[in-house]
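Each of the next two complexes has chain A plus one other chain: chain B in the first, chain C in the second.
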Partner chain A sequence: MFQIIKRLWQVNWAEQWQYRANLLMYLLYWLVSPIIYLAVWTSIANQKGSVNGFTANDFTTYYMLLLICDQVTSNIVIHSFGYKIQDGTLSGELIRPIHPMLTNGLVNNIAFKTLTFMGLIPIWIILYFLFKPDFSGVSITGILLAIPVMLLAFITGYLLSATITSLAFWTTRVYSIHEFYFAILLLFSGQFVPLTLMPKIIQDIAQYLPFQLFMYYPIQVILGKLSTEKIIQGYVSAGIWLVVAITLFNWVWRNGVKRYSAVGA
Partner chain B sequence: MHTLKLLSSFLKVNIQMSLAYRADTIVNILLNLMWLGWELLSLNIIFSNTTTLGGWGLGELIALLGVFRLVNTMMIALIWPNTEKFNQSIRDGSMDYTILQPVSSLFLVTFSRITVWRIWDLILAIVLIFVGINMSGDIATASSILTFILLAISGMIVIYSLWIVLIALTFWFTKFDNNVTILQALLDSGRYPATVYPTWLRIIVTFIIPIAVATTIPLQALRGELTVNQVVLFFAVGVVSFWIATRVWKAGLKQYSGASS
Partner chain C sequence: MSLNSIIVEQLSKTYQVPEREAGFSAAVRSFFKRKYKDVKAVQEVNFTIAQGEIVGFLGPNGAGKTTTLKMLSGLLHPTGGKASVLGFTPWELKPEYLRSMTLVMGQRNRLSWDIPAADSFLLNQAIYRIPDDEYKQTYKELNELLELDPLMKKPVRNLSLGERMKCEIAAGLLHRPKVLFLDEPTIGLDITGQVRIREFLREYNRRTGATILLTSHYMADVTALCERIIIIHQGQLKYDGGITDLSHKIAPFKLIGVMLADADSHDLSGYGTEVQNEEDADKRYIQVKAEDVTRITSKLLADLPVHDITITDPPIEDVIEQAFNS
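Let's look at the complex of A and B:
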């Protein structure tokens, strides 16, 4: 198995490396919104002193960490896999004795993320000197506590996106469904603004959804802003959602493959 | 006259193409409404925490959202589909047929693909602008509305010209096929007044990828914040950039040698 993963890594790494210019463009594209939100909220905080207890520096640190957390927990499986189901290239992968989505697809995503991360580091350092955030609230314990939950969130998020991608077995409009999913994520993950500044009802719903684990929760853990009780709550929720995501994906994938009749076959 | 006839037949062809995907059109319109809902909600969240953003009120930001949506529509309805077609025509050499037509090649490259259903987005944008201005309580005089329209058009021309330059570069660098991503990447900055951005970002969105020229500046004109000199200057920028774009385009065409030869 290790040999297989190693070989898959080599292939996917080479493939992603070939598209490094595209990757850089993607990175730029993805960077812009958080920086804009950062500018908007720090401008408000500067004007009023603080927004609901958030100072300008709180916003800066929040969005600077968001860049990292989002990069770790997000995935591109809809783009790297969706078309395979639609145009029939999946057939070749299905006859291999390994799970296409959980081996090749996953390794492809990790290769992509590793490369974008390499691009992000220098940009992040430049942004650090441009915004000069004060990271004194960050502790080693916070970072160590956040890493496992970010990895759990990545796997959960990957499985949820993989589930949506698998809907391509039934419908050609899977990209529209994914756009809807993306909007939900925007609403409940804390991407636009720290969740505590969202309307009360959204905060309440977010408690029960996995999306805050992608951004808001790990950022707050790193910044040391959550009580022990809240941290435990987050871990429990991450565990539950992982199980839900595994079950959901397995069910949708199994039924989808049964329905699958390759294009052109 | 001839050009108008061509334009209307392009529209007809594109309507026919999109009629093949009726259900998709409905889904797209629903998604579009969802994003409008999100945009209004995000403005609501911002203004539940403050009364002004960079000196602008809620009404002005709604109007800005309308102007942003105008630019965004140009991007999605014209620039993206035509870029896709253009890039492919450079790769496979079908650009030959475009050049052979007895019409301006720039015109053909700009209008041969139109995402028709997006036209409804234009109506939405204009409604947003009207509602926003009304809410803001800014006194819009005939002259301020006129300068607003003038600068909005010239701002769109600036972005359009930049697009022409970017795709014309493909004549020299055939592999440069993510040519418009950079434009799209910074587009989102048009949702908020450029005055709230840190200086370096303001410089980028005003001078390098001039999104703000098409969004923030027309609205500033509407609010009467610009002097006559500035209005003339921004209008001149539109004219000059279009002139430069046509030059670059012509030079690029000379460079073009087809895909097979």
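Let's look at the complex of A and C:
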């Protein structure tokens, strides 16, 4: 299995390099909204002193970390796999003795992220000198505690997106379904604004959803803003959501492939 | 283990295809209530193929050839009947099964478009768990037959159609499958390319004893490779047997070609149906029933100023054409 992953990595890594210009465009597109939020919120906070207790530096550190957390936990499986189901290119992968989505698809996403991450680093450094955030609240413990949960969140997020992508076995409208899912994700993950600034009801709902694990929760862990109790809660929630995502994905994928092979592969 | 690689019993596949009339109001109606039409792509087909056989699978477009190949390779669930390949039920997609067969279909299948074929080959080596020395040996053999070396380092997108097909076929054979399903393996290739792929498949079959089921539009593929053919038309099996028996069973005719002095002045309609043969314009050809050949030949020789006479089987294309229409 290690050998398969290694070779899959080589192929996907080489493939992603072929599209490096494309990737850079994608990265810039993806950076636009968090940087706008960062600029808007810090200027509001600068005028008012703070927004609901959030100072300008709080916003800066929050969004600077969000850029990294989002990069680690996000995935593009809907774009890298959806079309294969629709145009039938999946057939070639389906008759290989490995799981298309859990091997090739996953490695492809990681290769993509690694390359965009390399593009993010210089941009992040420039932003650092522009906004000069004060990261004094960040501790090694916080970082070490956040890394495993981000990895869990990535796998969970990948499987949830893969589940939605697999709806392509039934409907050609899968991209709009994923757009809707993505909007919900943005709302409850804390990308628009840190969740504590959201109405109480949104915060309450967010507790029961996996999305805050993608951004808000790991950022707060890194910044050392959560109590031990809250940190444990987050890990438990990550574990539960992982199991839910695995179950959901397996079920949808299995039935999807059955359907694929019923209608004409 | 049984000597039959492939056993197909009453295999059927019916597609449900949405259909609507053209036009705006029909589009609106179909939004609320979709009409489906059943398309019987394959209907209760039966055959068995022994280990090591090369069988040609023929039929016009839409006959159900590809559907059958997809069912046998596991991509499609049938709506009825059974199939067993190497003792596996294909559509269960068991990894052991997938490791022992190959399906070559079209030109974009196993190779990644953007990178050199060599990388895709190494990936296949890992996926199919091919030990290093076995991989090297297989590659060497494939390279001998297909001359792959010069193609390996170019990105697949920069290869020509024929080069790509060679790489696709090689990629599909690295794991030395025991059963090969080939859908139009020579499509788009020039004559030399076709001949090379044909020779290669024959040699592969000889060396490994693999079972091969192939479809082709090029009759030459089939006549060169297959002793046995299966003809399918509108989803139904029309013929299963030797390629040489086909003409006896389906079209028991012979062609008599005669070269005559002042060729055009004689009326041949009394001897049999005259047919055109563009390859040999010097002779005139008549089609006669097999049992009448001797009688009509001696009559022709007696009645007319014959310079030369030949008796041949009708071209296989014509015979199969007749089989489709019968």
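As a convention for this text, the second predicted complex is superposed on the first by the 260 of 265 C-alpha atoms of A that agree within 3 Å, B and C clash if a C-alpha of one lies under 4 Å from a C-alpha of the other, contacts with A are read in each partner's own complex, and residues count from 1 in each chain.
Here is the rule we use: a contact is a pair of C-beta atoms (placed from the backbone, for glycine too) under 8 Å apart; a residue touches a chain by one contact, two chains touch by 3 or more.
Because the structure is predicted, anything quoted here is derived from the model rather than measured.
Check chain A with both chain B and chain C modelled on it and let me know: fit or clash.
In the arrangement built by aligning on chain A, the partners chain C and chain B fit side by side.
On chain A, which partner's contacts cover more residues, chain B's or chain C's?
B
Applying the touch criterion given at the start, work out whether A:29 contacts chain B, chain C, both or neither, answering first, second, both or neither.
After superposition on chain A, A:29 lies in contact with chain B alone.
Considering only touches as defined above, state whether A:204 meets chain B (first), chain C (second), both or neither.
Touch partners of A:204: none, neither chain B nor chain C.
Applying the document's definition of touch, where does A:94 land relative to chain B and chain C: first, second, both, or neither?
In the superposition, A:94 touches chain C alone.
Once the structures are superposed on A, label A:134 by its partner contacts, choosing first (chain B), second (chain C), both or neither.
Touch status of A:134: no partner.
Can you pull out the angle centred on chain A between the C-alpha centres of chain B and chain C, to the nearest 10°?
After superposition on chain A, the angle is 90 degrees.
With both complexes overlaid on chain A, does A:44 touch chain B (first), chain C (second), both or neither?
First partner only, chain B.
Once both structures are aligned on chain A, how many angstrom separate the closest C-alpha atoms of chain B and chain C?
Superposed model gives a least chain B-chain C C-alpha distance of 7 Å.
Quick check on the output: what are the common chain A residues between the chain B footprint and the chain C footprint?
Common to the two interfaces on chain A: nothing.
Hey, which residues of chain A end up touching chain C in the complex?
Answer in residue numbers: 3-4, 6-8, 10-11, 14-15, 18-19, 89, 91-92, 94-98, 257-258, 261-265.
Touching residues of chain A toward chain B in the complex: what are they?
Checking each residue of chain A against chain B gives 21-22, 25-26, 28-29, 31-33, 35-36, 39-40, 43-44, 47-48, 51-52, 130-131, 173, 176, 179-180, 183, 186-187, 192-193, 197-199.
For a test of understanding, state which residues of chain C touch chain A in their complex under the given definition.
Residues in contact with chain A: 15-16, 70, 73-77, 91, 93, 95-96, 98-99, 103, 105, 108-110, 112, 114-115, 119-120, 122-123, 125-128, 155.
Quick one: which bits of chain B touch chain A in the complex? Just the residue numbers, please.
Touch residues, chain B against chain A: 23-24, 27-28, 31, 34-35, 38, 42, 45-46, 48-50, 52-54, 178, 181-182, 184-186, 188-189, 191-192, 196-198, 200-201.
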